[in-house]
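Provided herewith is a single structure, encoded as structure tokens, for subsequent inquiry.
Letters A, B, C and D name the chains as they come in the text, with residue numbers starting at 1 for each one.
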Amino acid sequence: MDSKLELVKIGRAFAAKNWSTATSSNYSVRTSAQEILITRSGIDKTELEAEDLITIDLSGRVVSPSGAKSSAETLIHTAIYDYFPKANCVLHTHSVFGTRLSLRTVDQGRISLSGYEMLKGLAGNVSHETIETVPVLPNSQDIPAFSKKLPAVFKENPGVHGFLIAGHGLYSWGTTPAEAKRHIETFEFLFECLAYETLGL
Amino acid sequence: MDSKLELVKIGRAFAAKNWSTATSSNYSVRTSAQEILITRSGIDKTELEAEDLITIDLSGRVVSPSGAKSSAETLIHTAIYDYFPKANCVLHTHSVFGTRLSLRTVDQGRISLSGYEMLKGLAGNVSHETIETVPVLPNSQDIPAFSKKLPAVFKENPGVHGFLIAGHGLYSWGTTPAEAKRHIETFEFLFECLAYETLGL
Amino acid sequence: MDSKLELVKIGRAFAAKNWSTATSSNYSVRTSAQEILITRSGIDKTELEAEDLITIDLSGRVVSPSGAKSSAETLIHTAIYDYFPKANCVLHTHSVFGTRLSLRTVDQGRISLSGYEMLKGLAGNVSHETIETVPVLPNSQDIPAFSKKLPAVFKENPGVHGFLIAGHGLYSWGTTPAEAKRHIETFEFLFECLAYETLGL
Amino acid sequence: MDSKLELVKIGRAFAAKNWSTATSSNYSVRTSAQEILITRSGIDKTELEAEDLITIDLSGRVVSPSGAKSSAETLIHTAIYDYFPKANCVLHTHSVFGTRLSLRTVDQGRISLSGYEMLKGLAGNVSHETIETVPVLPNSQDIPAFSKKLPAVFKENPGVHGFLIAGHGLYSWGTTPAEAKRHIETFEFLFECLAYETLGL
């Protein structure tokens, strides 16, 4: 499938799961060494269309259509593509479980996941005994400053598959849109498991 | 899109989220200085059709079709349009989370929301650090009396984006149907977050 | 709409809400003084079709198609039609919330609902201040014996709109399929509210 | 319906219920004494197609298409078919409730279910008073070793309809795809009931 259409399909599937309430969330795909397609700002993701994807370069500048406004968090996407040369798709979701989990763990700065078969949904994991670390970062409205801190976070967490921003949501990525989707779904499942575990379930 | 069709689409989307159980909830759009379209009384919102929207004037009287009965809460809609000249769409939902939250906070008379990126879904908010106040009003079957109290509530809460009625549900509005929809979705997401926070999640 | 098609539509809508897990739940409509259409036994309600409705008489005997097996709980439906001459549709759902609520309240024999605007979804209720009583009956596999006890339950609870069977589910009814649907949706919403209230929400 | 299409339909229905997050879960049907159709490895079940079912023999070797990779858990399926000659469909789901329940009960090695009408969804059960035992087994990445232990588990639990693997999910089976589906739905409903019971609901 065309990667543009694939991203639209993923965006609509995530909207149906209530992971992109209001006009939150943003999605991108790297289509060449020079070009990224990213959702434009302020779109209701239940109605995401191919024409809502705009073209930016690797520094985050809009290439086309001229005058279009890319997502406010564009520089987070480009920071991920810059650090991970094999990443070709970046997805960012806002679930209730992820939002609450991030607020309750931001002081520790990370969460650890282990003992779940679902961990094998993250590329490279071959056992439920894996210990997966998810960095949890304080939220900020200064996206340029926030995105400049990401390389250090990635360096400290080799093998990282995603991170949470407190009170905000999840970023994950993959070599393909399908892999990035699988990563988001895996994390969201596990965040829900952690919530239920906290309740004694 | 035609605002009538847009309202029907929103109504069906909200029904699918279980925000308009039974025949609860009502929706309206202001189409001119003299005219409001509002859902007629007693409609199952999963089957909402354009012909279920009836025309009223700004005082809440049915203009057409003659003999039609507008929503029992019509005067709440007109009170909102009267106070907020830029509001062109009013939406009212009945979620389980909103219902419970309103009952547990009505004695304080308000809830405060802060620390959530999702707050930026409300028009004018630019940071998760915003403190958003949501008035919580006692329920009443005397809608004329209830609606007369709204201007004072709005005056006490400058910048208010919506209010809860205890054991009943949420009212919010926007300059367009899309904005009103975004406001409702933002509030419902945040009400769910507050519930999970109460559980220690 | 044809009442057969209406019942099929309701059955599929309820299945989509997870109120008829596995092949549970059964639905009927009274189409004349002599005839009731009821779901046959063992149907997956996500695939309910008009031909899954079989004709029985008011004593519960299958009229057509010959050899068909009506729902195991047919006599509960006929007991309701017998006691309430205006009831023309009976719906029975198995939700998780209803199941748990019934098990935790069966020793008291009833639950009381009040303070919810949604109570107005039950025919005749005009205020959230109504006190609605829902009888909770012990479960039994002896349906003839169980159904014989229902008239006394109805007599003790004038104005009753439905009842729970412990660990089993909800029965409600209405003058039309639409009203019966509205009653079920109202109760299920309120059962969910009661659960959240128990959690301190 | 063709059993291949039936399995695809079940797989998509389960995906819609969030029982096969990421590319988890696997499904099979025994089509003859020599042949089993099973989902191939790594499929997103929301997009399951008939061509994603590959043919294996009863020892788990891929028959066609040549070079295809069957599910990593193929030997669990074949162990079930081997022990239960009447089982013609095996389904394996990964729900959040099943995952958490299995982790919290694996030390006891089993859970007991009783008092629920829904238990009658499991073939042969005629009363809510049935005591249904579900073995809970530790997870393992050594599927050949794991599957060799299953006959002893089945022998110790006559009448068993399914088992949980800790932190992993549910296996159940039936004489037909429809029966296996009914069994999975019954168990998942009851697992959710147990969770709510733990919360005091």
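The definition used in the following text is that contacts are C-beta pairs under 8 Å (C-beta built on N, C-alpha and C of every residue); 3 or more make two chains touch, one makes a residue touch a chain.
Here the structure is a predicted model, which is why all the values come from computation and not from measurement.
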Magnitude of the superposing rotation for chain C and chain D (Cα, nearest 5°): 90
Whole-Å gap between the CA centroids of chain A and chain B: 31
Length of the line joining the C-alpha centres of chain B and chain D, rounded to whole Å: 44
Chain D residues counted as touching two or more neighbouring chains: 199
Touch-based graph of the chains, sorted into line, ring, star, complete or other: ring
Touch list for chain D against partner chain A, complex: 18, 21-24, 44, 46, 94, 96-97, 99-101, 103-104, 139, 141, 165, 167-169, 195, 198-199
Touching residues (chain side chain A, partner chain D) in the complex: 13, 17, 115-118, 121, 126-128, 178, 181-183, 185-186, 188-189, 192-193, 196-197, 199-201
